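Read from first to last, the chains carry the letters A, B, C and D; within each, the first residue is number 1.
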Amino acid sequence: MPIDVPARVLANRRLSDDYNVLTLDAPAIGAAAQPGQFVMLKPGTGADPLLRRPFSIFEVLRDDRGAAAAITILSKRIGPSTRLIFDAVPGRRVDCLGPLGRPFTSVAPPSGAWMIAGGVGLAPFATLAEALTSRGVPTTLFYGARRGGELFYLDFFRALGVELILTTEDGSVGERSRVVAPLERRLAERSASAPLMLYACGPEPMLAAVARASARYGRPCQISVERIMGCGLGGCYSCVVPMRADDGAVHHVRSCIAGPVLAADRVVWG
Amino acid sequence: MPIDVPARVLANRRLSDDYNVLTLDAPAIGAAAQPGQFVMLKPGTGADPLLRRPFSIFEVLRDDRGAAAAITILSKRIGPSTRLIFDAVPGRRVDCLGPLGRPFTSVAPPSGAWMIAGGVGLAPFATLAEALTSRGVPTTLFYGARRGGELFYLDFFRALGVELILTTEDGSVGERSRVVAPLERRLAERSASAPLMLYACGPEPMLAAVARASARYGRPCQISVERIMGCGLGGCYSCVVPMRADDGAVHHVRSCIAGPVLAADRVVWG
Amino acid sequence: MDLSVRIGSLTLKNPLVAASGCFGYGVEYAEVVDLSTLGAIVSKGLFLEPREGHPSPRIVETPAGMLNAIGLQGIGARRFVDEKLPELRARGATVIVNVCGTTLDEYVEVSRVVSDAEGVAAIELNISCPNIKEGGIQFGCSLNGTFDVVSAVRKATRLPVVPKLTPNVTDVASFAHAAEDAGADAVSLVNTFLAMVIDVESRRPKISNVVGGLSGPAIRPIAVRMVWECRQTVKIPILGMGGIADARDALEFLIAGANAVQIGTANFVDPFIWGKVLDGITDYMERHGVARVADLVGSLDTREEAADLT
Amino acid sequence: MDLSVRIGSLTLKNPLVAASGCFGYGVEYAEVVDLSTLGAIVSKGLFLEPREGHPSPRIVETPAGMLNAIGLQGIGARRFVDEKLPELRARGATVIVNVCGTTLDEYVEVSRVVSDAEGVAAIELNISCPNIKEGGIQFGCSLNGTFDVVSAVRKATRLPVVPKLTPNVTDVASFAHAAEDAGADAVSLVNTFLAMVIDVESRRPKISNVVGGLSGPAIRPIAVRMVWECRQTVKIPILGMGGIADARDALEFLIAGANAVQIGTANFVDPFIWGKVLDGITDYMERHGVARVADLVGSLDTREEAADLT
């Protein structure tokens, strides 16, 4: 049951010229959130910008007793609302509706888990990595960005024991390639009998490539899609993704309530 | 020649639950400003609120050498833009266009000067009082508010040697009356041969009453009117005041460029 | 305090109605709103058969508004009756069905299907959707078309019939009048304004359907004016909408002449809006000593205070 | 880079035009803008005789827009020619006069007065002001009225004639077509949308004239759509406007089919807007390798990429 919290900004840490991590005083949302879920934020007052914007719950910050104390958002500045988020000062109010959407489905050992993140698509994987590693699932993060300066939170994942496979477009850190290249190589190497779940989040062409690769190697794959969302609650039908049903027919499915996490093999790519 | 300064907020001092003084980094406007002039402020980003809002230049803050360093605005929160001004934090950008409008015409001794302020109508009188007292003009401030807690900057005016005559609606400070009551008594007492200029700013009914009183006692009176202003530059014709011309005809006059300071005896009250 | 509103033979417990296409089928919101507390819920627009609607992108934000071209994706009237209506009924919702058609016959047929079902309170005739190629707005942009479709549906059902008017016309009041003449029990207005946003970098439209419908606070002042014009022209109730985002906005429509108000886009921004607006209206009525919400309707005072100078 | 724009026999040095009623008589802005750098300036609407306009309040802000009912306060065509035109000429401004009338004869008469004056570049025929009781919009809301007034003025002047169309109609393109048929050299669109704001506490309209005209970013998506519709219908140049606030917005209108753009409300918010928008347009042209601004006009690509699922 989603709630709407008139959250205060507790901290705003700029990671680069366009990335920041915003800490929001919304413990009740943090307590209920599962990996892969999102919130709808309204960082401005007034009617411009008008609609809320969807953001993955990046971290759930906890107090000494392990109770949720706040959530954070990893945001990339691309327009008016993400600019307000980038510029937000502590004390500012940001209405925060959530948690929303269908979360990732976790796996258990002996299955491995490979997370594939492109750019800000890293956001849902911090909480997922915590969930997976706490269950003892051997977890790998394939993480691609434009340049090394845009690969964030590496120490966070390392501290959880997540294996990191990094790529950048300019080759400044890791392999100079798209993130799908090392993924394909690793898929080819891995024994078919070793169970594995893929999780992917990032730009749509990357998701399509991951979906194709997972199909080719017969691996189940959960992707988190990012569609323009008007409401986040199933009310507006703006966020649809064409998906193939059991009978083979293609339907427009609302990714805010049927997703954002969807089965990659059901999505029909444009 | 007005300029548009992308001013930063240097300080925001709250005087009460709805009054604040905002310090803006707009020295060039301060250097050019004359008492009675105003600025058009845009405290928000985006298109809602859309238009700028007019504010009197309250103070011109100066550095050690006397050069203008910043201006301040005395604002009363009544709607969306004044709310943004009330909530503005240092560092925030507030576009500031000015100085605009026709200023007060000063007087010289032996003339006396009486300033009549209602509520936030105090705003244009800080700079006017400085100008008048620096020329040695005996200056009195009639200042009315709802309650004593809303009479601001009294020490500022006292330090300049301005005589204060205070009224409040609840009688908590000064006389329990409208500000026009003591004004009328003083006008009646004053010798007709002693020259005197009246200056008034405040709610429209107060201005009309001051205009009537000044006419009755044959005193010249300059009033600063507050009309809804779309542009502040004479472009939109929103801010008109009906005024009687020399030939007796009544015309709609743009108060942003013919005013905001107008001759009280020419204004036609509705 | 009497908040009830009469729409033909139907009484709504309060004047707040969820606008079509902005509240899913209602069931989606059952977790955040007690559906029985709303005056009514208008379903998504329904044809006889299911439709998949337009490809994405389907919406784009504009200053204080949004453009949509969903293309009336929907499960069709029959499946709505079978799959959604029982739950809505169980939750105590007052359900108005937004009826679409590509032909006059389809309007009549869909109206029959929903009239036969249990738990439908009224029919809102969508003759004003700007986002589909056939049907709909063609009826809504012609006085004869409006008259014909309302008359035909009027004969096919005993439910209150409420045509929903498009604002994309020169004289909306004449359409309200045609609807009244044809036997409508009320009119809803406004649907969205036909509009367009271009991505200048690619020189492509921002939504797949090229044009879409503008809704939200941006259109509110136009919608208020249209409600006021219709109030001068027709006697039947008006369900007013367009950009309502708080109690003040809702009151503006009531005072302009709406008997009830619908909220669409603002529900996306704040799904908890309903209680807030209702509280704001009752608070206003208390402050102003208004006993019945009906006493506010059309109470705008337009006496001239001052004459022009010329 | 060629920024020039042709409107009939007139060439504007660039596509940026100050919209009528939003730039005073131009002279008010001489201190903040070099008037010779604008494509053109459209004067306030002028009748033959001076008018005092409506009492205040005359404007009210709305979400991302504003309502105005100035009531065409103005000094009249004759005094404009005598008192304002010489200074505008001296400052190198290209002046378009916005001609108003309560009767067809008055339109013709005002057009004659300004045609006889030195330094008027074109006539914009205001048949679309929503704020006055007589004349104006009555012509603009009737195809015959539009045809008649354009034809009559066409015969009375050798200046380019540019009727300004109202958006308050069902099919604006048919009005552009009527204007073209009647010999118009171009059309301007849009004027403001008839709208209304109510002060709920007093239950009174927020502006003295009860209704007013909505302008600003709120209306932009509707205006862009209308320009695009007219571009499919007429060959004559279009001066597009409605809510333009930056270079991106201006480009949207050009790509939709406007040959030049006018800026009104946004000039109130930022009187220094002109240089910024011009820089933004030239910057865009450089980035996209567009040599002539004329090459952008109507360059919207509406090919369908994906088909509907149904």
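In this text, a residue touches a chain if its C-beta (ideal position, glycine included) is under 8 Å from a C-beta of that chain, and two chains touch if they have at least 3 such contacts.
No experiment lies behind these values; they were computed from the predicted model shown.
Chains touching both chain B and chain D: A, C. Distance from chain A peaks, on a Cα-centroid basis, for B.
By number of C-beta pairs in contact, the leading pair of chains is C-D. Separating the CA-averaged centres of chain A and chain C is a span of 36 Å.
Averaging C-alpha coordinates per chain places the centre of chain B 47 Å away from that of chain C. Spacing of chain A relative to chain B, judged by their CA centroids, is 54 angstrom. Among the residues of chain D, those touching two or more other chains are numbered 52-53, 55, 63-65, 216-218, 305-306, 309. Across the assembly, chain A contributes 46-49, 242, 250-252, 270 as residues in contact with two or more other chains. Viewed as a network of touching protein chains, the structure reduces to a complete graph with every chain in contact with every other. Looking at the complex, you find that chain A touches chain B at residues 44-49, 80, 84, 89, 91. The touching residues of chain D, when paired with chain C in their complex, are 51-55, 62-65, 67, 71, 141, 168-170, 193-198, 200, 202-205, 208, 210-211, 214, 216-222, 224-225, 228, 243, 248, 251-252, 255-256, 284, 299-302, 304-310. Looking at the complex, you find that chain D touches chain B at residues 21-24, 28-29, 31-32, 44, 52-53, 55-61, 63-66, 68, 70, 73, 216-218, 245, 265, 267-272. Residues of chain B that touch chain D in their complex: 1-2, 4, 42, 47-52, 95, 97, 227-228, 230-231, 233-242, 250-252, 257, 270. On the chain C side of its complex with chain B, the touching residues are 63-64, 217, 305-306, 309.
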